[in-house]
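Next come two complexes built around subunit A: one with subunit B, the other with subunit C.
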Partner chain A sequence: MKALLETVIRGLGNGSVYALLALGFVIIYKATRVISFAQPALMLAGAVAVSYLAEVTGFYAAVLLAGLLIAGVALAVERVAIRPMVGRPVFVVAIITLGVDIVVRVVVNAFIGRDVRQVGDPWGFDQVALGPLVVQQRWLAMLAVTAVLVALLFAFFRYTRYGLAMRAAAFDQETALAQGVSVGMVFALSWGLAGFLAAVAGTFVGTGQGIEQGTWVIALKALPAIIVGGLDSLGGAVAGGLVVGVVESLFQSYQGEYAPWLGQNFAVVTPYVVMLVVLLVRPYGLFGTREVERV
Partner chain B sequence: MRGRPLLHTSYAQDMALLDTPAKRVSTGLLVLLALGLSVVLADRSLEVLAGAYVLAIGAIGLNIVTGYAGQVSLGHAFFVAIGAYTAAALSGPTGQDVIGYGVAEIWIWLPAAGLVAAAAGVLVAPLATRLRGLYLAIVTLGLVFLGEHVLKEWKALTGGPGVGREAAVPQLLGYRLDQDGPLGTREQVLYLLMLVLLVAFAVAARNLARSRVGRAFAAIRDRDIAAAVMGVPLTRYKVLAFGISSFYAGCAGGLLYSVSGYVEPGSFSLLMSVQFIAMVLIGGVATVSGAIAGALFISLLQPLTRALPSLLPVISADTTQTPNVFQVETVLYGLLIVLFLVFEPRGLFGLWVRARNYWKSWPFSY
Partner chain C sequence: MKSRYVVVSAALVALLSACGVIRGDDEGSKGAQAAGVTSEPCPAAVDKNKGCIYLGTVSDLTAGPFAALAVPITDAQKAFWARVNKAGGIGGTYEVDVTKFVRDNKYNPEVHRQVYNEMKDQVLGLAQTLGSPTTAAILGDLKANSVVAAPASWTSAWEFEDVILETGANYCVEAMNSVDYAMETYKPKSVMAVHLAGDYGADAAAGAKIAAERNGLTFTSVETPSGATEQGRAITEITKNKPDLVILTTGPADAATIVGQAAAAGFKGRFIGTGPTWNPALLKSPAAPALKALYEQSAPGKPWDSDTPGHQAMREALPGVTPNDGYTSGWAWAYPMKAALEKMVASGDVSRKGLLAAVKSLQTVDYEGMLPPEAGNFAGDPNAATFRQTLVNKLDDKAPTGVTTVKDFFVGPTAQGHTFDGPCYAKL
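Moving on to the complex of A and B:
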């Protein structure tokens, strides 16, 4: 039981990283109706930026600075490659983000080199006793930071003018435009927010084991998370991220013992299995809105 | 009436495979040119081109499901993998540590590779009929990751990561096509084989596109609910689109490695899917000639970038240095996708149409 709870907490920690990334995907999707395949590159870029900045400013300031930096990069990408494509089929724009992802990632890889870069986090693999449970500090830090960021985001959407504008644009772009909402600003804001969240998520991925060129693949696990939650649901993104994280962690701990025939490292692909199972039952995810079909 | 261009007096004429004399002549010349290359070019270049032709078969397949039928698939590499391993297992030697049945005849393993991949495509299709657009794209992306996992673990079939196994042996009626022989050198024979197969697959795809099935695909792509209202059975045609596309992918997979003679489970990654997408988009969506042009373009990009270090000393051929050729190559993929989609969404085919229209209306270009 103790081991099980510790596994769940580790899963929640990892899941909160997926949740942050998934929020980025969903925010962009709601504003622009496009899935940004550039998130993995932005995540990696954020982690690399922290690994360089932390040596100068210390970890906490580095995370903030890197977040702003990556938000800037995301804004630039949106302005250069996405804004000219307004009104074109969503699939075309999605593939453009795939191209952007490849380009940004190669540039970032040049900064990583062949070795593993440490993000200079204060936790490392340190453990802390939580009652009878012994868990790594970084899982708790991830959970706490994600909780705070999610609360801030929901407050932002609920109580600020810009949040209202974003909700309006997500609901109906043309009507929002007619009511005086600057949809261009909404596009930019969504990419900026997604970039910031990706950078924070990237930092957390890098805590402990560090980051290398292949780390970007982790960001793709947020895709099953948003499908499980539903593409257009912010709450679904958080729930999906946590579910995917916990399932992955459970498989990591117990699959070798109970189902060895699935092969080593099966845990890595469990998010996709979860996604397929959920989609077979609910094609729009657990919290997604069903599309109204009409000609 | 004779001799007036584009004057069609019957429906059959309108729907002909090559409807103008210019198309008939240029297609014939292109095929002749391609045949002639087998004598003129060096073996190394022929090998690259043979690989490009096989990729073109795969790209035509992706174009059928994504270009014609409008079902976005990021999982093409998964079906290519199924074809490659079916072919390798069928033609592989018996009694080794990897599965092999010793059937090296190409007319057996090639259709088999296609059919097994098509069966996998048909299995996936029920999901596709429930899902739309980006949901489908992400699910097919998941297929690639699940496929990669299976290939890495199923060592009896794939040889395992880093080890791999021998690819399918192309043998036709007892004649080994991957050895020097009376018909020419190994590269020349393989080149001709791939060329013949590419032409066959391309003609089949063109015919499919202008048939009843092709029209149903186009209707589904343009608006699937409207198509359903008009009486197109959505499920049947989406399953068919995935099946045919996967058949092409499987055949391409079986052939792809008979040039190099070696399959490795790590090859069938997301990158391969993205490359196929790039071929279709850069070449031209929903055109067979575009898919071929795109495949040639992407495959020839690699030898061209490999030549860069000798021209630009800034770019290193050494992977440990920055910037190196591999980075330049990858950046080019990304940039080309972005640039083509922003500036010429119809791809290379669109560039050709523009050039053609300029000369058609010359000197009255307005």
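Moving on to the complex of A and C:
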């Protein structure tokens, strides 16, 4: 039981990183109806920025500065590459985000170099006792930071003017425009928020183990998370991320013992298996908006 | 009517030329110019009166998992051949160019095959073909066209290929020697091989299995995916089964995660990682204390700062670089090609077939002390010619590449008695 709970906490830790990434995807999707494939590059860029800044400012300030820096980069990307595409098919814009992802990663790779870079986190592989459980501090840090950021985000959407504008634009862009909401501002804000969240997520991916040029791949696990949670649900993104993280962690720990017939390393594909199962049962995700089809 | 004859004649000439009849691709015929050999000097010739031998390089230069090693390997080989050219070239008649045909394989077999096809008619052989699965993708063509290639990998499969000019013991032998070294030093009772898939990880795991069986040790094997965030299962298997010895065959970031997290969870067994598992940057990672306490590196050759004429020449040829044993491997890998080219030119048959014949007659190679001369035996049958000596390094903050040798070249009893009748990874 102890081992099981420790495995679940590890899964929740990793899952909260997926949740942060998934939130970025969902925020952009809700505002623009586009899935931004640039998130992996922004995640990597954030982690790399922290790895440089932490040497100067210390870890915590580096995370904040890197978050703001990557939010700025995301804003610039939105202004230069995405805004001119308003009115074009979403497919075209999605393809452009793929191009942005590659361009940003090429630049970031030059800063990573060929070694593993450390983000300078204070946790490393240190552990802490939670009653009878022994867990790594970084899992708890991931969970705590994600909880705080999610709470702030929900408060932002619920109680601020800009949050209300974003909700209005997500509900119906034309009506929002008619009511004086600046849809351009909403687009920019969504990209900025997603950039900030990606940077924080990337930092946590790098805690303990460091980052290398291939680290961006982990951001792709946010895709099953948003499908599981529902493409247009912020709460769903959080739930989807945590579900994917926990399922993956459980399979890593127990599949070899209890289902060896699935072969080695089945855990690698579990996020996608979960996604398929959810798609079969609830095609709009656990918390997504059920689409009404008029015939 | 006349123009029709002109067109037909031109088409005929083009056809014959394309088929190599006019161009003279028949390497067997005397006086014909072999592919990749010109009487004109190399682009950066030291002596403009010498001809040029072009060797290609297909390596993992940007996006693949071994780019951290591949770039230094390639740079070291450029420096190696520049030194050869400066010293008079090959047989006093040719210089060697390894700079014109350098392509990135992104550690992707399909890309590897594509860039090799683009260069294959313009090079005599390959100074470097990085990776086992990537090289396997072009092996058929290399054999069909007698193209000699120096690999940047140590799979045991190369022992059975005439066209592959391998240097140093293979992963299988390295793992056998690691287990035998651990038997002598730590007296383990159980061994676990944690390895990537394919003929890098599986070759070492097979060697560990063979050595474990010979020593009467319990053996388990865990195949793990690449990626630091994907090592949860490997860590669980280690901490659950608590083997006395883990033979690691992964990438460096994977290794740091596995060793660091396993140690944090209370694991106290020993780790020995094959050569490519190590990267000096790991000494700055949170896993460093665990690595220093539990980890050693097996290796097919001595590290950067070793005191041999070859290492000395390498350091002099690469001033100002950040030390990295990618340089050491790349430099050492070039010696057999140099020996074979010299023998080919001396024989008078400057062609791909001439080079292959030269390779098959090599019994020793002068590695200037970097490896024993018998490591360059390509003449005997695979079992007799397989080089079986490796060494073990320990981590050392003060060493330029983070490691110093703790056990010099040795052959353990398992590798000594093993019969190589096929690639090891097939037996895992």
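Keep this in mind: the second predicted complex is superposed on the first by the 293 of 295 C-alpha atoms of A that agree within 3 Å, B and C clash if a C-alpha of one lies under 4 Å from a C-alpha of the other, contacts with A are read in each partner's own complex, and residues count from 1 in each chain.
The definition used in the following text is that contacts are C-beta pairs under 8 Å (C-beta built on N, C-alpha and C of every residue); 3 or more make two chains touch, one makes a residue touch a chain.
All values reported here derive from a predicted model rather than from experimental measurement.
Shared-chain residue A:G214: touches subunit C; no touch with subunit B. By the touch criterion stated above, A:S253 is placed in contact with subunit C alone, subunit B being left untouched.
When the two structures are aligned on the shared chain, A:L75 is found in touch with neither subunit B nor subunit C. When both complexes are overlaid on chain A, the residue A:N14 reaches subunit C alone and has no touch with subunit B. Once chain A of one complex is fitted onto chain A of the other, the partner contacts of A:V269 are limited to subunit B, with no touch recorded for subunit C. Using the contact criterion defined above for the overlaid structures, shared-chain residue A:L65 touches neither subunit B nor subunit C, since it reaches no partner.
Applying the stated contact rule after C-alpha superposition, one finds that A:Q118 touches subunit C and leaves subunit B untouched.
In the superposed pair of complexes, A:L279 makes contact with subunit B only, with no contact to subunit C. Greater residue coverage of subunit A by touch, when subunit B is weighed against subunit C, goes to B. With both structures placed on the common chain, the touch criterion links A:I35 to subunit B but leaves subunit C unconnected. Shared interface residues of subunit A, touching subunit B in one complex and subunit C in the other, are 109, 114, 264-265, 268. Those residues of subunit A that touch subunit C in the shared complex are 10, 14, 109, 114-118, 121, 123-127, 134, 136, 205, 208-210, 212-215, 217-218, 248-249, 251-253, 255-256, 264-265, 267-268. Interface residues of subunit B facing subunit A in the complex, by the touch rule stated above, are 72, 127, 130-135, 137-139, 141-143, 145-146, 148-150, 152-153, 223, 225-226, 229, 270, 274, 277, 281, 320, 322-323, 327, 330-331, 333-338, 341-342, 345.
Those residues of subunit A lying in contact with subunit B across their complex are 29, 34-35, 81, 84-85, 88, 90-92, 94-96, 98-103, 106-107, 109-110, 113-114, 220, 223-224, 226-227, 231, 262-266, 268-269, 272-273, 275-276, 279-280, 283-284, 291, 293-295.
Interface of subunit C with subunit A (complex): residues 62-63, 65, 67-68, 71, 222-230, 232-233, 236-237, 252-253, 256-257, 260-261, 263-265, 279-282, 284-287, 290.
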